[in-house]
Amino acid sequence: MSSESRNDAAVQIDGVSKSFAGTVALEPIWLKIRRGEFLTLLGPSGCGKTTLLNLIAGFLEADEGELFIDRELVTQVPPHQREIGIVFQNYALFPHMTVAQNVAYGLRTRRVSKAETAQRVAEALALVKLQDFADRRPKQLSGGQQQRVALARALVIRPRVLLLDEPFSALDRNLRTAMQVELREIQTRLGLTTVFVTHDQNEALSMSDRIAVMSRGRVRQIGAPADIYDRPRNLFVSTFVGDANLFDATLQGAEGSALDLSVGGARLSLTSYQDDLPQPGPVTLFVRPEQCRLTDTNEPGAVPATVALSVYQGSYAELHLDCAAAQGGRVMLRVPAAEALPAGAAVGIALPQTGPAIYAADEANKEVA
Amino acid sequence: MTKRPFLGWFASPSILIAFGIAASFLAIVQYSFRANIPGALDPGGFTLENFTTLWKAVYGEAFLNTVLLCLWTALFTLLIGYPLAYAMVRARSARLRSAILLISLTPLFLGEIVRTYSWMIVLGNRGFLNAALMQMGLIDRPIPFMFTMTGVVIALVHFTLPIVVVMLAAALSHIDRNLERAATSLGAGRVRAFLTVTLPLSIPGIVAASSTAFAWTFSAFATPQMIGGGQVQTISTLVYQVGFASFNFPLAASLSLTGLLFTVAVLAIFNTGIRRLERIGGH
Amino acid sequence: MRKSLLDHLLDWTGRILLTAILGFVLLPFFVVAIASFNDGAILSFPPREWSLRWYANAFQYRDFGAGLVNSLKIAAFGATIALIAGAGFAYVLNRYDFRLKGVLNGILMSPLIIPNFTIGLGLLILSAAASLPRNLWLVVATHVIIVLPFVVRSVYVSLQNFERRYEQAAESLGGSPWHVLRTVTLPLLVPGLASGGLFAAILSFNEFTASLFVVNQSTQTLPVAMYNYVREYADPTLAAVSVLYVLAVAVILLVVHKFFRLEKVLNVE
Amino acid sequence: ETLVVSSWGGSFRDLIDETIAAKFTEETGVEVEFITGGTIDRLNQANLSKDNPESDVTFTTSHIGWLYRNQGLFEELDMSRIPNAENLVDQARISPSHIGAWAYVYTIGFLPNMLPEGVTFDSWEDLWSPELAGMIALPDFDPSHIIAAAATLEGVGVENWRDATDKLLALRPNIRALYTNDANSQQLLSTGETPVQVILSMNAYHIQSQGLDVELAIPAEGAVLGVDTMGITAGSDKIDLAYQFLNAALDPEVQAQIAEIKKGSPVVSNVELPEELAALPGIFTTPEEWAEQTLVIPDEFRAETIGEWRQWFSENMTAN
Amino acid sequence: MSSESRNDAAVQIDGVSKSFAGTVALEPIWLKIRRGEFLTLLGPSGCGKTTLLNLIAGFLEADEGELFIDRELVTQVPPHQREIGIVFQNYALFPHMTVAQNVAYGLRTRRVSKAETAQRVAEALALVKLQDFADRRPKQLSGGQQQRVALARALVIRPRVLLLDEPFSALDRNLRTAMQVELREIQTRLGLTTVFVTHDQNEALSMSDRIAVMSRGRVRQIGAPADIYDRPRNLFVSTFVGDANLFDATLQGAEGSALDLSVGGARLSLTSYQDDLPQPGPVTLFVRPEQCRLTDTNEPGAVPATVALSVYQGSYAELHLDCAAAQGGRVMLRVPAAEALPAGAAVGIALPQTGPAIYAADEANKEVA
């Protein structure tokens, strides 16, 4: 378990795939997880996140492909020899053991001496701020505390990789935010390679070094959160992560990344971040709400719309606009609560000059989340 | 607001039945304190003699036999039933799971007679087992199974197995699989994960299953009667014998009553055991 | 997965153990099947000659036919009564609190721990003391008492898992309590009721010990007739009956499994 | 209309069905139905259903017949309504309420090829041979045969059986099983479980006919005589038919059939039997045979004491 | 069910309370729900929302107090005669009936004629856009479709009040937003008096005419969403609804609504919306994140802080600041993603001149959500 070079992959997944009784849960996947990296698997329910995690942990056997942990080929290594830490959504604490016994479990299997065990358990509990709960049983703890014990139990064995399967989804919002921050702090401090599973895009965006967005057993895009949010590579990613306004547009022509589009009668010139642009013709134009600006109806280049509904959200309001050029007929913008407009007001939507992406209207993966 | 619709309608049939049960129980209690008049079904006056009679060696031995039978049966049923239940719950293929379930369950619906009769054919001196062993040259004269405790225990284990498997499987299936996974991820091999996690968590199930095995064995009649052949006397066979052969219903009643009190006591002990276990950990 | 020697060992001992145990469960039925085709009146293994005469005999022996008819009648009546009373009681148990509920429950569940021979004896004494005729209804009553706890349990579990919201939704839509019971509660409880009733019928059909005490010649059930046969004849006719019995039960279980999934019924998922 | 007969099940029912009932039906056109069970079981059942009798004619053993009579379960017989009873032997005139239907003995039966070297059964004493440890089966429903044999061996007479209890207890090591009925006895022999039994002669012959090599011995002290009897159930509403049934049972031809089929001894003196049949142990055709080969326990005494015997037996002989 | 006067209460709750086996689920509550109003009961789990709803529906009997629907005293009226519509979180569609049969149920109990039933069912299904699904069984529908059927079933009987118990909490984010908009549109169109239960503050803020914020069996504040968000009346409401930054401050003096405060050494003059101000002395100052502004450390009146963590959220970033003057030592601000600062940067927090509230530091209800 040398860690000389900081750049080689802590986990390397080479064409691993998995089917259950004929249905494909995971298409062949290639993925490198860097040492110390916090990688999130994000995707809708049933997309194969847990399956991939179970393959890394060794609870499932891959149909094909190879898996390396710290450069060691582990495809055939049983789970208890993989030296990984796991935290489950439902905590999976041993109900018949105290908190301390739970945390000590992984040390006992490793025949660590009594004294060292006691010390390391105490350290781990201190790490998750549960020193005073060592003798309680899991049932006597709150959800958040249980989740912390599970974390301590996984960390105390100094795993090569930490795997977490929707660890916070059973917690309420406030506790959840607190635990997210806490986990990320501990992870950074220990420099722990971490694979985190969630279907919550905010959680993914806020915690990760990199996000792998999955759908239907495939990784659809992998990259830093800002990459994923600002430069989604396909329609699925753009709609699954963050809010998206989609317009029916026609691509008139492109010169490099400069595009010439018509949207709902308005003529636009945009530059896109995309490398692979679709052919001229009907396309789908994707714009984030915060990239759109509300203007007068008659501003040139503005797409005409009417306020359908203004939804108060406390710190801001969501304006839902009826817009003929938009897919589904609706566009959403956020404005400060004070600037909300009444329903029925006619407005123009100014689209950004840079940033948006276009996808072929008949894109094979026209799969909106 | 109609507060309790149907309460009267729905409860009355069962109240009627409860009266029936209570009455028959009272009948037993009453008979057990009445003198036996030989040859007459109507009992005589109040007496405690039935209970003093129970101090005789036969009855004591029957009690002892019954308890031994219950203990051995519970023990072996657990030893056999646990792996079966485990396999059933953990089997990867749904087919195998169904097969195990059906095979271990079918005997439950066959009743005592078919199963006991089948075992008589297996266990007799010229039965299948001895014939097979002799054919293989492992023994040269038959091993007596019939009319022995061993034979009765074998058949009783078969008798209680299905219910024990069902109860254990229910207990095991409610243990979160992630617990075992957590244990393995922490470095425990399969054996260790089983011994330190699955087994301890299934103890309440084990206790519940053994208490059921106990109650079933205690109440078994055809098996000790047919396989024990009068050589292995249990409370149940004695009650029948005293009642229907000696026609001493008061004595049969007091024997039943004592047996019942005994069962209740044992099951109460089991129950407190379960409750304590569940308080300590369990689910 | 690359397995250690220990793992292989475990796998193989596990497989062998499983096979052995399943073998133990099935052994008597294989043996009884072999015995049923044995031509001689005296058993021998392996049989010297084969024949179907014991099957013929089983069909001709009057007590079996009469016992089967009795058992079917008793199981049908017993299960129906137990189902009605048991479902009602389970409902009451699940929904209401009233005085003596615990006592009532205790009495009705007591047959689970009272040995069947005690129940049989009690009812025999009771019927004699009350000069009740020892007819089919006495046997039915005995069986109702014995199977009732199983019905109550099965329906009670269904009721516990029953989503009260269905009833509340129906009520909010204007359904009176009876209407809701008829159109929502009962239809949704059908699986629980069916499996409870079926279980009761099977248990009743198989009940032997208590029946032995309360039947007479004309109300003799099939298991009692079979028991008496063993007491009176040494030939393998009963082996033939047993084989038929096993086949019938296996077929019923397979059908039930197909429709209800036994894992679910038995709560072992 | 049917006549309901209470009898033992199994081959005894078949016997009655094929002989007496066949004759009866031939004569009256009335069908016969059976209710069956063990001797004591049926006594108890009869007691339980006293007010509403289940049967019209009851077959039982001679001594248990006394219990029926004493408990008012039998009608008093009007012998004039049974013409065939004229030839009834004295030993079969049991009480004013029940008369013999056939006779037999309880004696020692054994499988010669499974007998230990050198064991023979010239006397009841041979049952006590240590070589027979764990090989013997006795009937559990009626211990009177072995008690009578022990009392005779001790020279005390069956009335003083209490003086023979040590002798009885000494037999315990040899006892392997107590059989509960004839089928059980057959099983024990056919499976070789107990190669030596105190057995009903008729049952032994039945087992022989099934192809098993069983031999009967008549010990020097004599075999224990038994008479199976019949009576009319008190409260029966078919008294006339019942008398006709009893009469059919004592018909010489029927009696010969019984001897032929089941090797039961006729109880009327006007029966002609083939020689080899007449020579069988347990079949008596002459007054001398009736007198010499039998060990007789007085019926009424037996009936009174059987309960005590059974209790003593189950409390002292069975538990081991 | 006349609706002559548009101003009388559709539902009136007069001192209704409820305990279960000794534990108080609901303290005596007084509440008037206006005709056509969309009232939300908002509060943490276990605060008594469902209990209150069940009391209105008649599934529970009040321990004391009285309940009126349309001025009629219904305290003793059984649920099936109250003419209310209910939608549950888990839909509670009758699984043994088709969609059409489900919707027709309430009409059948009312013995509405066959023809009218068919017509009204069709209308109701059209309302929720499920015309084409009439013959499906609930199991063959997606979660959102099931929720729509439940709505149609409740609406078809033209209830006097519509009650909804966390109807959308089982739906995923996108579907949830869509359903919220749809429900609100239908409710407005039909002018339906509606009581909506949720523990999701965004949902409450965005949908309601008025919100009743509950905690521990009591209504802590009732008012329009903006009222609740901008002018919380106690610490519980301010922390439960929206994000709150709390500072330890000392109230030096007050003149009318003009306050003189010192916060972490800085001296501030603020005006508050509050009527009942605490006594001078230690107080808790409450400020929404969007009311705070990031400035230089040395700007006068700025509270000094250090960036602890910057959490990317796609359209914006959350800056978590270490701040000695803040309760819990942390303050949170939102900034455009591009303006996020690196951890460790020293900043000043400029507090607003108007808007914030202060609460006595020892406030009896010092109960932070």
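Which chain is which? They are A, B, C, D and E, in the order written, and residues in each are numbered from 1.
Simple rule for what comes next: a contact is a pair of C-beta atoms (placed from the backbone, for glycine too) under 8 Å apart; a residue touches a chain by one contact, two chains touch by 3 or more.
Just so it is clear, the structure is predicted and the values come from calculations on it, not from any experiment.
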| field | Shortest path length from chain C to chain E (each step joins two touching chains) | value | 1
| task | Determine the set of chains touching chain A that also touch chain C. | result | B, E
| query | Which chains are joined by the largest number of contacting C-beta pairs? | reply | B-C
| field | Chain centre separation (chain A, chain B; CA means) in Å | value | 55
| field | Where chain B and chain C are represented by their mean Cα positions, the distance between them in whole Å | value | 15
| said: What's the distance between the Cα centroids of chain B and chain D, rounded to whole Å? | reply: 38
| message | With centres defined as the mean C-alpha position, give me the chain A-chain E separation in Å. | response | 28
| task | Scan chain B for residues touching two or more other chains and write them down. | result | 2, 41, 124, 126-127, 189-190
| task | Quick one: which residues in chain C touch 2 or more of the other chains? | result | 7, 43, 128, 177, 230
| Two or more partner chains touched - positions in chain A | 58, 78
| remark: Listed in rising order, chain B residues that touch chain A in their complex are 176, 178-179, 181-190, 192-193, 196-197, 200-201, 280-283
| Touching chain B in the complex: which residues of chain D? | 38, 40-41, 43-44, 47-48, 67, 70-71, 140-141, 176-180, 184, 187, 190-193, 307, 310-311, 314-315, 318-320
| query | Where on chain B does chain D make contact in their complex? | reply | 38-41, 56-58, 61, 124-127, 142, 144, 146-147, 229-231, 233, 241, 244-247
| query | Which bits of chain D are touching chain C when the two form their complex? | reply | 8-11, 13, 35-38, 45, 48-49, 51-52, 54, 180-184, 186-187, 190-191, 210-212
| Which bits of chain C are touching chain D when the two form their complex? | 40-43, 128, 131, 133-134, 216-218, 228-234
